[in-house]
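Below are structures written as structure tokens.
Shared chain: chain A. Partners: chain B in the first complex, chain C in the second.
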Partner chain A sequence: MACKFIVFSIGLALALGIVHETGHAGEWGKYQVEDRRSGYTYRTKETRAMQDDDFQNPGMALVDEGEALWSMVDGKAGKSCASCHQDASVTMRGVGAVYPKFDIGLGKLKNIEQQINTCRTGQMQATPWKWEKGQLLAMTVYVRHQSRGMPMNVKVDGSAAPFFEKGKAFYNERRGQLDMSCGSCHEAYPGTRIRADMLSQGQGHSFPTYRLKWQKVGSLHRRFRGCNKQVRSKPYKYGSDEYVNLELYAGWRARGLPIETPALRN
Partner chain B sequence: MANFKARIKVPKKAKKGEVFQVKTLVTHKMETGLRKNKKTGKKIPRFIINKFACNYNGKEVFSSNWHPAISANPYMSFYVRAEKSGSLDFSWTDDKGQVGTKSAKIMVTG
Partner chain C sequence: MTHKFVLVTAFLVALVAHGFSIANAVESSKIVQYVVVDEDSLPSLNVPAILQSLTGKKGDPANGRKVVINRKKGNCLACHVMPISEQPYHGEVGPELNGVASRYQEGELRLLLVNAKFINEDTIMPAFYRNSGFNRVHKKFKGKTILSAQQVEDVVAYLMTLK
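Take a look at the complex of A and B:
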């Protein structure tokens, strides 16, 4: 049985083109906490340099866009985000570190995108912004950016516990034609090449992220969809309960790591 | 005139003869013309910025022609030698002939 599994694993490794590569040894400074290393540390030095320089990071344009939207009046109530939340650098500081979090009214988790739209529909009487479109991405980047550098610190006990468990189960469940779990890549092989890419630990603290492949900023749920599709499993919807629960687990996997939004990845 | 969202970084002051770095980044999707709309199967027409230039007190000191393989949101950085106080004027021209501009002042001492 064990022998059969090894043969299967090698076959799989060959099929996916996994090749071992010596990882960077030593210190990653703030980008490493215990054995948790940010996706940043698995990128090339050229990609890291783009993130290190706010000027070069095209994701920073969304911080500017989000800032402009923050004080834009919209909806029947005649309000902007700033009408209630004033200065985002004060009121939104730390928010990005604790989402997704349990919402008593909903009886389940909500993430930042959902909170923003709740404020738009409920508080502003405006239409909700569409997932993965410019405005919602820009505002999510803007809100999350206010916590840049702060350690990820999602709550996984109490009311959040059952949802955390669901997210964890999703992470560890094999799926798709390739029959792989998230952990088959991100726990078994971080620091290892998979085709032309290098696997990270698959954490959620850097999102929304500017991805060179996408040529734009994308949400964590877009990343989840991509990771589902590449093992040929059907992706879930943006904002689905499955992905919000998974977001909590991916956030917990990054606990203590500084928020990088908008990070830059290849 | 097109209203391109661009960022530029130029030092406020430089010594005469000093070589300084200029950084620019323009937000643009740089549609290659090679992609298809997945639903209709129709080609998405090419729409890129095809020329970037920088003039220093009216004289061109840097220019480049861009092609479809240039990434979205192009970043361009280069070096200029300080001569006289004045302005650096940047321009980005797209496929429709629209031009976006941005300028920065520099003070040259000594």
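Take a look at the complex of A and C:
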């Protein structure tokens, strides 16, 4: 009887093992929608556990910094973000899911960083914050964090369509001395090891992200620059039209996946 | 004489077939010119090949092994499992290279390294001996090949040891 039980458990373990090896729809819960899997699912158990625990995730420090900046008065108009937008957990909820977004005044897309700086220079009459510096990163994390768990839902039709098409073309265009497109890695080989790293689907919903390699939170444009440089191509500038269009495409690749900001990656 | 002509024709056909413009061919003149032979002109081949050493010299397999490991040179381990056990984490984007010398002839391996796109246009594998026709190359690498002609020969010699 005991013997039979052991055989049964081994059988069950094997069966479970096989299920784990090959994977099946829904295995990753909310981190998988149809064939789209978040970068989260390609990371190790340890890295995922660190992201899951707000006390261990060092990116959470920027949520606090952003919160402090939210009500800090700055600029000639004597206003803070809160003067116009009050409680961020109400007014900013959902914003992170739909940016970058077509802006009629600009006639092109605008991302969250650019919207923050538009508010600073326009409404607050304050100086714009610099890309990749503490304050702009912290505020972008704080705004995006208000939508944590909400599904990515960028608009790619209507006025956004031509910019979406440009972003998509960029994703599929070979570049650099190594002559690779984003898709060469992220469409052709997700789930495959490239040296020690496992390739994900190259989506944008987790940014700004804390990267262990950077020992810091970084923007999606920083990631784009890194991926451009590793194929020995000249990167574009932070906030360039090329990267904002690419951001829309990378956001669309994550449609339906929950916003993770600040995620944790290696 | 006739033989030479056949090879050159095969080379031109290969160039045209792979969409190289004449301008690219001219710009590439800083690198060693090579002749691509295809299966039609040499039926013993399974894929197109470069029969002659790029430098006229034999490669050094021990140096080739160093080149394939070096992340700034071949960085082949990024994508291939190879019998180099002292290096952790071999990539799995391309096929394992153990036994590759029994699957390919020397000239075929040389072409695979020089520019694998002669064989598969869509491949992710970089062309290790090509210096033009790229899009938005970082200025540090403009007009340069990833490997020198002799390094290509060294890597070929190393791969030929993987029977």
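Going forward, the second predicted complex is superposed on the first by the 240 of 266 C-alpha atoms of A that agree within 3 Å, B and C clash if a C-alpha of one lies under 4 Å from a C-alpha of the other, contacts with A are read in each partner's own complex, and residues count from 1 in each chain.
Simple rule for what comes next: contacts are C-beta pairs under 8 Å (C-beta built on N, C-alpha and C of every residue); 3 or more make two chains touch, one makes a residue touch a chain.
What you see is a predicted model, and the numbers here were worked out from it, not measured in a lab.
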Combined model on chain A where chain B meets chain C, clash or fit: fit
Touching partner for A:T192 - first (chain B), second (chain C), both, neither: second
Touching partner for A:L212 - first (chain B), second (chain C), both, neither: first
Of chain C and chain B, partner touching more chain A residues: C
Which superposed partner A:L178 touches (first chain B, second chain C, both, neither): second
Partner chain(s) touched by A:K229 [first = chain B, second = chain C, both, neither]: second
Distance of closest approach, chain C and chain B, by C-alpha atoms in Å: 16
Residue numbers on chain A that touch chain B, as the complex places them: 55-56, 58, 61, 64, 212, 215-216
Of all residues in chain A, those that touch chain C in their complex: 173-180, 184-185, 188-189, 192-196, 229, 232-234
Of chain C, residues touching chain A in the complex: 77-79, 88-93, 124, 126-127, 134-141, 144, 146
Interface residues, chain B side, partner chain A - complex: 5, 7, 9, 23, 25, 27, 29-30, 71-73, 75
